[in-house]
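Below you'll find a set of structures to go through.
Common to both upcoming complexes is subunit A, partnered first by subunit B, then by subunit C.
After this line comes the complex of A and B, so read on.
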């Protein structure tokens, strides 16, 4: 039951719904520029009826396609927002992603100079739009509608070109799609991992209450149960509500502009599939369990999604994954099946690292342990903090997005395939940038000095990743000379206003005085 | 009404907006949207309501969150807030409000709880009085004289300033003649005109 004090009708749908998991496996990301204030406002006003809100779909027939929009700092400036309002936005947002490359570790082959051409110009991108759809036909239909609205601007709002797809580098949009196997969408990305399993769960999101397990903030209760978790405060993800400090998050003025809005990070992340497979195959020759176990240790989950903490062996993980998939299929057909599926879902999310403090199951530096420490930063010291999540509750991010491209040649890193990654939260600096800088590209908080996230770190071929053993007959194993598996191909920071705020921007009603 | 001075009369009204939505937007959002679409100054519908000195409508979403360790309180509904100061007594003001801007009042309050029971001036007066809050301190931007007198005074002040500026240095005879023309043109004793329009904020 959504919190009645949170108006989901006024919140954009992509904040509370990970569309890919709701049966919208196709997506298109489009970027626009405004050349005239009035034309920009008119375009936005025309778009308003198409924008998908966070209203729960159980009440209505779900749409066949969704649409959401967001603005860069330059975009808001070109829509004529008052200077006082512009100055009230956080610095990282007004600087934009490229200017934060040092913080994000976007260096070498991830440098902005290497990004898709659309990102090469400064102050160029003004508006982001995402279309998610149940089918390619629905996607095209919605896209055509947008094109018709765009034509009304007589060229004063332009759709920006410059996305690469392997053949061309001037495409007018970024296409994305779940990876289909046997005609069915899967939740995996190009390295073969199931993705997006534990997304933060917050008060008023309207999501399935069971998602609090692993998605909320840890209590000192049993992490396998609802008692082990509480919903995060709304203000961590939506502006205008108290956050984990019991204060309102810092937000741009006037209040009605920021209320029900948030910030979003968009990143195009190329996955070097050949490098990844070569690496796990090579290292797997020496590691007990082979390449699949190396892949699991790097992520903290087996590629089928089973967490190492609960399923330390590949056999256990495979048996679980099979049962889980079967239950998922049966869930739609019977109440009993649904119950079983929900029980099994909790086994993918209902854990922490309290019984694995030495990292003998899930390495300290594994991706999931870094990106969502689940209260493990107390390092087993009883009541080290007032709450076990004191150091990580304010570093959570809602993850959105889908894979893009196809791996046509697994023996090559070239081609266009990766993940369109989006992170949503009320502070880009405190949440996404901190996680990226301190937890992905550094290791001190995990007592791992300057080790990086094995999968996402901006490695230079010299880094190593330690797989803790934890006992004399199970010595530590060092994965040497880790290459960079994931490179950045583009990205920007966006403000995602609520529906009232979008209307007020369109009607030139933003008045911070 | 806690009005210790006789003029102007202040009024603060909080009308609860129905919880729920029309299928896509909450009634509070719809109310705000309508309020933000209203014209202002002399084109404001409130310019048609006699003796309104100043007024403001807004939607109150919730009580302000005071931060830790304060208890988190919420209002049971969102409120349409109407504040104004006017000349005269409340009954007369509200009756004339209804008589001159009935359609606008119906649109502004349409999503408020029980407003469907308002169908004439008397039920409007009753409704507003039920939603009225004691006004103990308010922005007083007016002398309290009837609006037409104030508008005429503003008009004359502005015209006379212009006159004084333009005619300085004239001989006594020329000045007298010019002033007679000024009086003929501006008709200081005639409240019907020429004068400012209600809602007008600049010439």
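After this line comes the complex of A and C, so read on.
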């Protein structure tokens, strides 16, 4: 089947590119409010030339900084979109993230009342902007350009304050950055895991075809090879194209408003570094393999990224990680090095759980098995479903974002450090909310009753996590009384229009009739 | 009135089917139950389902409260579909549609205006149009999913057997046997609690809190000690 052609010039760049992996380790997230329809429209018209599209960078010089924007339901309302159009947006989007707290499990210390001050008011945030940059200087330069445009509105468009950084709680933006070690950006987050290894791969995305392995939808072929995977349908991630149900996804009207657009979830997730390390150290005293093995069993990967399914022991995982890092460095200099690097890359993504049905390598409840089941919901029953990914192909999300803050004191949970997590897909309810509710904070689909994702679940200190055993002398191990390691500190749902749609909004050309 | 009780959802769908095709379906159902006996693996692997049942109701079988009640003049026979499952309406319908689209089409294809199971939105509309809302729904184990019940039954039987077997074991033998018992039953061990919120209706939220509280009470006796 020919690849789906999609107009990458009309699609915002953050949908098809995880900038962090393209050499943009610095980011700033900014939120705006419109006080006047015309001023709002003028501001976004002025922004248009700065917006980064999905156009491949092999053809032209990559910019030193990127800019993307997205709108809340309230934002679209304040830009004067017709009522009929507003009503055609999905319910979860118009409600906004705070109103969905019961579904998302944002309770206790994750409750909206505990979020950064910017999220405290209702109907407050209208527009999101992300700047990603190769360097801090490039970031500042782009930020200044935006400030100049903002000044033109004479206060009728305001930049909202209220982000916390540990000292202050009224900062005008959320800063984020890859964690640097020896002056080099790393793909790790604050718990020390390599993050963002398998991102969905879809038709027309223009990404490296090797990313289909582990990132596409499973076929019945060998998961270690390209034959084991197919690209997901474009309509799972971009409106206006067929999705996995062989139809166009439900989208707001008129068609030109939604075409090449999508929805995005923004979440600020605080990581309790001390709680995490205390827990793996304590439990690791009793678990064979120690704290590092507990951390690996919770995630389904060793912290260096090696998947448990292919690398069951720490020695194998470490040897692989060293070889992988070496190959990554050599890849830039020789063709042979590049080939070796690509082979090794597949070892991080080219697997499923077909040879580990009982979870003796990767626990049934481990994070990666929940968030991307890779066809394991067939439970090894051959050909049970029309396709092995029947229950997971429609639940995939493009993950974007970067860590924020620094861990200055590993002996404390306080301070500001975590992950700015963004999830992109054509249905927030079917994709992000479903995964968060049914797979992260619940376990029935995995036959795990109410067991939650050990890392991301909204634990209350009473949950347990079972690490399945492998033989009668190696029984299951129960990690008791899991505390909450990650808490929500803010977030909202956004619509990410295509470039044509942004122009139409700016020129007041949206007519749904 | 709700289709939801505890972790379960009850779905009733009644669809008209031309009388002649109703007979054909009756034969097909009879054949697959009595002759073919092939297990429907797809349906059984969808572990969110308690059960699903299809029944043909012929026009003459429609109940009357008494012989005084006039007979209805029905142009179609009807197919009753009844299922209980865990999860939301769309999770269930979408799972069916993605996992066993051909099986659904085989059963429903002669029904009046059945659109086929793929694409999804016409199928959604068909089910919703023909769904009968549940008036009363009793659930004996509101905090248990079908997987939880199955696991509990298996674990209970295994545990009783283990107790019997282990009565006269030495401590060393017991430790070995207990480890093996845990290993062979690990897939049945998990911690049960309330369902996630399926529905943001206030009534559903209040009911959920009530269930959690009554369940937590059963875990402790009147002195606050664990009660097993």
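Here is the rule we go by: the second predicted complex is superposed on the first by the 509 of 513 C-alpha atoms of A that agree within 3 Å, B and C clash if a C-alpha of one lies under 4 Å from a C-alpha of the other, contacts with A are read in each partner's own complex, and residues count from 1 in each chain.
To be clear about the criterion, contacts are C-beta pairs under 8 Å (C-beta built on N, C-alpha and C of every residue); 3 or more make two chains touch, one makes a residue touch a chain.
In this text, all values refer to a predicted model and were calculated from it rather than measured experimentally.
Chemist: After the overlay on subunit A, what do you see for subunit B versus subunit C, clash or fit?
Modeler: The answer is fit.
Chemist: If we overlay the two complexes on their shared chain A, which of subunit B and subunit C does A:53 touch? Say first, second, both or neither.
Modeler: first
Chemist: Which touches a greater number of subunit A residues, subunit B or subunit C?
Modeler: C
Chemist: Could you tell me if A:441 is touching subunit B, subunit C, both of them or neither one (first, second, both, neither)?
Modeler: In the superposed model, A:441 contacts subunit C only, not subunit B.
Chemist: Where does A:10 make contact in the superposed view: on subunit B (first), on subunit C (second), on both, or on neither?
Modeler: Touch partner of A:10: subunit B, not subunit C.
Chemist: May I ask you to decide whether A:411 touches subunit B, subunit C, both, or neither, giving the answer as first, second, both or neither?
Modeler: After superposition on chain A, A:411 lies in contact with neither partner.
Chemist: Please work out whether A:247 is in contact with subunit B alone, subunit C alone, both, or neither, and reply first, second, both or neither.
Modeler: The answer is both, since A:247 touches subunit B and subunit C.
Chemist: Just to be sure I read the superposition right, which of the two partners does A:136 touch: subunit B = first, subunit C = second, or both, or neither?
Modeler: A:136 sits against neither subunit B nor subunit C.
Chemist: Does the superposition put A:319 against subunit B (first), subunit C (second), both, or neither?
Modeler: Neither partner.
Chemist: So if I take every C-alpha atom in subunit B and every one in subunit C after superposing, what is the smallest distance between them in Å?
Modeler: Minimum over all C-alpha pairs: 5 Å.
Chemist: Identify the overlap between the subunit B-contacting and the subunit C-contacting residues of subunit A.
Modeler: After superposing on chain A, subunit A residues 245-247 contact both subunit B and subunit C.
Chemist: In the complex formed with subunit B, which residues of subunit A make contact?
Modeler: Touch list, subunit A to subunit B: 4-5, 7, 9-10, 53, 55, 60, 241-242, 245-248, 259, 499-500, 503-504, 507, 509.
Chemist: Going by the contact rule set out above, which residues of subunit C touch subunit A in the complex?
Modeler: The touching residues are 7, 41-42, 44-48, 86-87, 90-91, 94-95, 97-102, 118-121, 145, 147-148, 151, 176, 178-180, 182-184, 186-187, 189-197, 200, 205.
Chemist: State the interface residues of subunit B toward subunit A in the complex, per the touch definition above.
Modeler: By the definition above, subunit B touches subunit A via 19, 21, 23-26, 28-29, 32-33, 36-37, 61-62, 65, 67-69, 72, 74.
Chemist: Contact residues on subunit A for subunit C in the complex?
Modeler: My answer: residues 100, 102-103, 105, 244-247, 250, 358, 378-379, 381, 383-387, 390-391, 393-394, 430, 434, 437-438, 441-445, 447-451, 463-464, 466, 468-469, 471-476.
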